[in-house]
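Note that subunit A is present in both complexes that follow, paired respectively with subunit B and with subunit C.
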Partner chain A sequence: MNDKQNKVKRRDFFRDSLRTLLALALGGSAGIATRKLIAKDLVWQLDPHKCVQCDLCATECVLDLSAVKCVHAHDMCGHCTLCGGFHRPDAVTFDTAAENQLCPTGAIKRNFIENPYYSYTIVEEKCIGCAKCVKGCSSFGNGSLYMQVRHDRCLNCNECAIAIACPAEAFQRVPSSQPYILKGKQAQA
Partner chain B sequence: MSWSLFIKKRIDSKEWSARLALLRQLFAKHALRSRPASEAKTCACHSESADSTQDKLREQSQLVQVKKPETLLCAQNDHSCSPQPSKKYLSLLATTILLLFIVGSHYAQDRFPRPEFESQYQRPLTTTPSPQAHFFEIFDIFVLAGALGLASYFALKKRSRRGIFWLTVFSAAYFGFYRNGCVCAVGSLQNVSAALFYPGFLLPIGVIMFFVLPLIFALFFGRTFCAGVCPLGSMQDLVMLKTVKIPRWLSEVLSLTPYLYLGFAVLFAATGSAFIICRYDPFISIYRMTGDFSTMIYSLGFVGLSVFIGRPYCRFLCPYGVLLGWMSSLSKKHVTITPDTCVQCRLCEDACPFDYIDKPASGKIPEPRAQNRKRLAMYVFMLPLMILVGGYALSRLDFVFARLHPKVSLAEQIRQEERGAVPRTSLETQTFRTMGVPIETLLEQATEIEKRFHTGAWILGAFFGLVFGLRLIRLSLPQFRIDYEIDRTGCYSCARCFESCPNEQVRLQNVKNARFERSGKEYLLHVAESAN
Partner chain C sequence: MQTSSNLAKYAFIAVAGLAFVAGFFFKDNKPGRENTPAQQTPLISLDQYLVPIPPELIGYQEIDQIETELEKVSAIAVQGANLYLAGDREIRIYRSAGSEFTRIELAQPATAMAVSPAGQIYAGFYNHVQVFSPAGKLVGTWELIPGEAHITSIAAGEKDILVADAGNRIVWRYQLNGKIAGRIGERNVDAGQLGFVIPGPFFDIALADEDVLWAVNPGMLALQNYSLDGKMRSSWQKISVDVDGFCGCCNPTHLALLPDGAFVTAEKGIPRVKIHEPSGDLRTVVAGPKQFADGVVIADLAINAQQHILVLDPAAKAVRIFAQK
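Up next, the complex of A and B:
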């Protein structure tokens, strides 16, 4: 009887010490992880000056419809009739006909302002972030179209899937007080 | 195929190189007809009228294509290019322009002047929707801690299945549908292992707490996190209707896969390659209510499976469950089937839909003692061997795993291109070449990562060997269980088995009686007082 009691106690002791060991291991790894803690409140953003306009933003985001979309710095735009971001390279006529548009979803709205100027506006709901227009605009135009992480959509994953895939390493963490890297006049503001 | 993938295939960078080639041709053909540079400086597309005929438009647009390089050049050179460049120079210029195009957005600005509008057109500003509030990150920690506390209270103290059920509903609604299933504790283990092993990886406080809190609770109360807090578990628990028993041999084999999953998840996270748990999370696309066709099939398949098999993800895949199981097996307290002593009535035998109730064994083994001892000794002897074999085997496969790292696969592609083994370049290699990083640097970095993978694969293989060996030893150990007991490593503390225990029924009756008695006494006192 006495022996049995001892055995039970030995087992309890064994369990207790193992439990303490586990707790220490957990505390230790958590402690080391705490040293890598983000001090500030940071969010993901891409640097449009590094962006090479590949289409990975459209496909790599964990969201089915990417959080990265094209935005337009209107104050940089030349408002041309022939727009490298709006028209296909092999466009026959430079009008708004679907077969002449570069955007696969027709997310760029072209409006006549005054002769010969047009305004180009991104319809954000339609934009899928393929950067096709951005490539056209930066190759043949002023580069007023550029990519940005839209924070109303971004889940701010701890490990951004696009950041891993980005061939130009354009993704970085920025303070959430200044969550955009803008172009044009707003960049200075 | 998803829409985005479809788009990806449609958009081919070849199109642009074709355009550039055309441009260069046109340039060589037409621009030489000694057009004065001053005329070229005026942007043709601006002089074009909106109502011109189609033919005129086409002609002019061709002019635009021809002239644009020169206008660009003028902008770059501050309007000081020579009026009549010779043929030789022009081809040189064309090449430079071509290069400039490739170099991209840095040099792309200010090709066209920004017009002054005569009409009242106001240029709209770029909208900047603000990011999600930081407040949620802290708030979620408190919600998690509260939910864990409640789950432990319902399971251990209150012994209430109903409480846990409503907590499950809450977790699926809040952590799942409202917070889109992110951050989740299951995925957080990747973040933590990346922070531990991968230099330059940063962690938000929320992720650490989501990793640590459920484990701490498991160390004290068992896996109450699984009972009603985990959004993945909640989804499976809520759709579970009629469960099928899985044969013991199958569940025993399948229960080893979480170790594999855990090992690979840590390996890929610690080398900074990929977060596979998040990528192959079967329920996230349901919580986010987005996903392409294949993801949806995968998710719905898992949900469909959960109707007939109790928590298939938790039992046979969940890598975080491995850690929780370790904590829970040594936990300070744990739920028990009976609130009193086991009377061995066998009523609870099939009460657990997940097969985590162990039957009494009392030292019985189906073979002679000496034979069992011999087998056990052999397994113990084989354990170091298994560790070595596992480590060696996986370390031979390290190059396969390393390919998952984007840098290693890029280096591999570049190497093949240099050798001339591939007919065409990929987007990644094109980008790499335009960035101007020397190839040697990339190859060195890739070798460094491959070395890390080699070490990682050794550790991983050794871990697999250890797990497998220990499982063999555990299976051949004689069991001395005398009552129906919960398998503490697996049990999710869901409180389903309680109601099948007659002792629990007695306890519930006692609680009811006690409550009735007390209120009866109080009523009598009240009556007596009012009479006075």
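Up next, the complex of A and C:
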């Protein structure tokens, strides 16, 4: 008799199963929807501390001219005469001659400050995001040049083509209220 | 019956909640990084600038390694038969190479270290110096260096302790009692001294004898010689990507002096250790870039009593010992 009472009825089994499925569907959909809602306030950015200066930012972006540009933490810069980010390591002279520059488009402007210091400024319109200067600065200098997604250009694609290709997994979603991952004193502000 | 209904309700809510969490953290394989593992994508390197070092130029070979198993190594020094190693929050004193060591616990990682001829240990911590007795007992904490100090190197003589400060771009001259007695290498354009150009935390010094200091001016790719009253006596530089020069804007990163006045230098960017004649000409190569991990920045150099070159390699987390072939 007890066995008969304890036996799960087919109807109960189907009812419980349906209930569980309904709970899973409702909860799961709500979770995914909430995530998507939050994601609307997120933008793509690359972590300069993970960046390996691989050159893919220049070629993988869906834009003709990449949304990723070199930026400069001026307060970190050594303002050297011979700049590892500006000059080719095998530069013959340490001037602004094209053959001595690392940048293929001449996107870094060099100005004399006082002997022996120079300032280096990125001309963003010319920067193609190849990261050659960043590689030179990181290897020989102190890493004051670094890459960032510029949000005046970035389309904030759902699937960022550079993020897919990035070998260092340096791309991440960040809140649109803090869209940059900065270096130097700006990072501490 | 009522209990059974409540139970079902709670179960429904619990399952829905779990599903919500699962949905929120659901990994939809975007942006698909799993398909592009880092090791499959070749990274650009500075190989194009690496001039192969002719084998006849390499005059040293690695004969031993002292594994440290420390997370971050920062400085080495040799005094007599002892090897001193600073890393993480400790200083180790090896009484003989590779053997057991005694340990001095530190409150924070040291950024520089030196040992005086009398065996006093001087440890730098960004803006101050602590002094330890030869037995490892803390005997003094010196006055703070003003400004944005970053101590990168210490040279300890019998009468003076010189402290290289990359933040203030100056060498501080301390008396043995810890009082600051002078400043070396200050910028004075009228006197023809442009000062130290220091783009990063690489600013090494070494005492040639009791009153002659050699300092690296990394932004100028130069080695400069100062008297302890602060005046520059001489300097040399060789800017070149070739093996006989220094390239980039922060080289050489480290310096040690051989008894005959030759310079042992370490470089970053193209990691290599070389020996230059007192004139600056290249004498020989101790270790080339292929002997170091890609992108490694050598942490320090020292020379032991047998005139072996000791290289503190942070990638290997070891003191690598090189002897003449």
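Here is the rule we use: the second predicted complex is superposed on the first by the 149 of 189 C-alpha atoms of A that agree within 3 Å, B and C clash if a C-alpha of one lies under 4 Å from a C-alpha of the other, contacts with A are read in each partner's own complex, and residues count from 1 in each chain.
The rule is simple: contacts are C-beta pairs under 8 Å (C-beta built on N, C-alpha and C of every residue); 3 or more make two chains touch, one makes a residue touch a chain.
Just so you know, these numbers come straight off a predicted model, no measurement behind them.
Q: If we overlay the two complexes on their shared chain A, which of subunit B and subunit C does A:Ala163 touch? Say first, second, both or neither.
A: In the superposed model, A:Ala163 contacts subunit C only, not subunit B.
Q: Counting touched residues of subunit A, say whether subunit B or subunit C comes out ahead.
A: B
Q: Answer with first, second, both or neither: which of subunit B and subunit C does A:Gly28 touch in the superposed model?
A: In the superposition, A:Gly28 touches subunit C alone.
Q: Could you look at A:Val52 and tell me whether it touches subunit B, subunit C, both or neither (first, second, both, neither)?
A: In the superposition, A:Val52 touches subunit B and subunit C alike.
Q: Is A:Thr81 touching the first partner subunit B, the second partner subunit C, both, or neither of them?
A: both
Q: Scan A:Phe112 for contacts with subunit B and subunit C and give back first, second, both or neither.
A: In the superposition, A:Phe112 contacts subunit B only.
Q: After superposition on the shared chain, which partner residues are touched by A:Leu182: those of subunit B (first), subunit C (second), both, or neither?
A: In the superposition, A:Leu182 touches subunit B alone.
Q: Under the stated touch criterion, which partner chain does A:Leu155 make contact with: subunit B (first), subunit C (second), both, or neither?
A: A:Leu155 sits against subunit B, while subunit C stays out of touch.
Q: Does the superposition put A:Phe171 against subunit B (first), subunit C (second), both, or neither?
A: second
Q: Looking at A:Leu18, would you say it contacts subunit B, subunit C, both, or neither? Reply first, second, both or neither.
A: first
Q: Which residues would you name on subunit A as touching subunit B in one complex and subunit C in the other?
A: On subunit A, the residues that contact subunit B in one structure and subunit C in the other are 19, 22-23, 26, 29-30, 32-34, 52-56, 77-82, 89-90, 94, 115-117, 132, 135, 139-143, 158-159, 164-165, 167-168.
Q: Would you pull the subunit C residues touching subunit A in the complex into a rising list?
A: 8, 11-13, 15-26, 30-33, 35-38, 40-41, 43-44, 46, 49, 189, 194, 197-201, 219-221, 239, 241, 247-251, 268-270, 295
Q: How about subunit A: which of its residues touch subunit B in the complex?
A: Where subunit A meets subunit B, its residues are 15, 18-19, 22-23, 26, 29-30, 32-34, 36-38, 41-43, 48-49, 51-56, 58-59, 62-66, 71-82, 89-90, 92-94, 104-105, 112-117, 119, 121, 128, 130, 132, 135, 137-143, 146, 150-152, 154-159, 161, 164-165, 167-168, 173, 176, 179-180, 182, 184, 186.
Q: Quick check: in the complex, which residue numbers of subunit B touch subunit A?
A: Spelled out, the residues of subunit B in touch with subunit A are 2-5, 7-8, 10-11, 15-16, 18-19, 43, 45-50, 54, 57-58, 61, 64, 68, 101, 104-106, 108-115, 117-119, 121, 123-132, 134, 180, 182-183, 190-192, 194-196, 201-205, 207-208, 211-212, 215-216, 219, 272-275, 278-279, 284-285, 288, 290-292, 295, 326-327, 330-332, 406, 410, 427-428, 431-432, 434-435.
Q: Provide the residue numbers of subunit A that touch subunit C in the complex, in ascending order.
A: Residues of subunit A touching subunit C: 16, 19-20, 22-35, 52-56, 77-84, 88-90, 94, 115-117, 132, 135-136, 139-144, 158-160, 163-169, 171.
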